[in-house]
Amino acid sequence: MPAPALNAEQIGDLLHEVFPQAFYPGCGLTIERVDHGDVRVRREYHEDYLRPGGTISGPTMMELADFAMYVAVFSAIGRQPLAVTTNLTINFLRKPARADLIAEARLMKIGKRLAVGAVNIYSDGVAEPVAHVTSTYSIPDNR
Amino acid sequence: MPAPALNAEQIGDLLHEVFPQAFYPGCGLTIERVDHGDVRVRREYHEDYLRPGGTISGPTMMELADFAMYVAVFSAIGRQPLAVTTNLTINFLRKPARADLIAEARLMKIGKRLAVGAVNIYSDGVAEPVAHVTSTYSIPDNR
Amino acid sequence: MPAPALNAEQIGDLLHEVFPQAFYPGCGLTIERVDHGDVRVRREYHEDYLRPGGTISGPTMMELADFAMYVAVFSAIGRQPLAVTTNLTINFLRKPARADLIAEARLMKIGKRLAVGAVNIYSDGVAEPVAHVTSTYSIPDNR
Amino acid sequence: MPAPALNAEQIGDLLHEVFPQAFYPGCGLTIERVDHGDVRVRREYHEDYLRPGGTISGPTMMELADFAMYVAVFSAIGRQPLAVTTNLTINFLRKPARADLIAEARLMKIGKRLAVGAVNIYSDGVAEPVAHVTSTYSIPDNR
């Protein structure tokens, strides 16, 4: 596996620069590990994310998966903030606990135009994933 | 088409009761039309939803689509707040304007266990959709 | 709506030329209607398509949806046989009858690199769709 | 991991009994490995599967993925031939070689009503997958 195009700190700085309303100190998102096209991020638990049934809402997981993919794309192709999601499919597998969510994203394809990845989302401390995501990012031409 | 199981006001009251952190006065979400399994909802524009490139972020659209499906499920089968999303696929089609988002959800199947719907998301005032979603809800057994 | 880039006969000729093992006289596939990015195709019923439960198999419907998308892409952008599917999501809605299957594909986006469409599949003579598909085709650069 | 509910030979016999038009001696499909909810199947290469560009067609891969999921469901819950696909999403990652296709399916959730799995499809002898699939099967009530 090659070295990542950007490391965790560089990706954090980039996100804070280009997407400050989503990624800022205290936002609850952490980039925990960055390898080339293979990353782990964390969403701190907050009771605002609960939905009826006392479980974490689907959109909270979708947002985290999309964030994990964005980080994975940067780890593979570098500073491309205009990369955009073209497609995302999520399957919800089991109810998340009232705990942090961890997302592990891995790119299965890194092409010139498209990057395709799979994301597993976990409740912190639970082995089986709570959701599985596949997603495609479109990569700008100016690459 | 049969009458909806719950009308827009009843669904709004139900959401405010069971999901107050997502649906409350001033939350920016409006239920605009409710027919049986066929609804329209609106997300008021806010600059917090912007992502790099000056367009509305994908998770904002995913959340709205999931909300529209939840409303559509209530419109067809009534008070079932424990209905949960099992699957959602979104295709992003074009950049949304800096404007309200409108989601039109229509259930294609209303079974005993599963409801399946399609959602088109629009920028207010633009004819072509900005995203297309299909999603499945699992309906609790106590129905 | 602009005129189609190729009409039904031209698309049939193209398919027979480039993909003879799939499209030939007697193959059971018919191109019934071609508008610009909006087409209807038919798969003649054959008992070989039945699966346990006496219903038409899922792969039969997936193949038909993919064929309908291919025809829709030709109708919009002309002779591009190297356009390839990058993504397909199918939701099965109800059991098809032992009858012909009809697929109606409509492109929701026709971009430089990607075409995205939705396909409804019907049992001949039944109003409600048996399956709903969304799919993305990648369009070659030489366009 | 518990023992599989049915082993490879038992699943082969079941398929030949209930789905003889798809699974018969010489059909080109082989069940290579069966663990509990985790299986590998193979589709022998045949030039009929080629599409324009000299690569194996998408529907060939979709059919194989669906077959792999069917086998995985049997491996986990036993003789349930009326289990049916409700949803399938495929992402095509790279062009398959002119070689056998191998599909590895693993169930991520085995619930009372739904089984959800992921499938990686490979060209024989190549490490990187050519396609990734997620799919949901609905399990009959009579279980």
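As written, the chain order gives the labels A, B, C and D, with residue 1 at the start of each chain.
One rule holds for everything that comes next: contacts are C-beta pairs under 8 Å (C-beta built on N, C-alpha and C of every residue); 3 or more make two chains touch, one makes a residue touch a chain.
Nothing here was measured: the structure is a model prediction, and the numbers come from that model.
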> How many degrees of rotation map subunit A onto its copy subunit B on CA atoms, rounded to the nearest 5?
Replying inline: 180
> Is the C-beta contact count larger for C-D or for B-C?
Replying inline: C-D
>> Distance between subunit C and subunit D based on Cα centroids, please, to the nearest Å.
In response: 23
>> Averaging over Cα atoms per chain, report the distance between subunit A and subunit C in Å.
In response: 34
>> Centroid of subunit B to centroid of subunit C, CA atoms only: how many Å?
In response: 29
> Which parts of subunit A, given as residue numbers and ranges, touch two or more other chains?
Replying inline: 86-87, 89, 91, 136
> For subunit D, which residues are in contact with subunit C within the complex?
Replying inline: 18-19, 21-22, 47-48, 50-53, 55, 57-59, 62-63, 66, 81-82, 84-92
>> Quick check on the complex: what are the subunit D residues that touch subunit A?
In response: 89, 91, 93-94, 108-109, 116, 118, 128-129, 132, 134, 136
>> Give the list of subunit C residues in touch with subunit A in this complex.
In response: 86-87, 89, 113-114, 136, 138
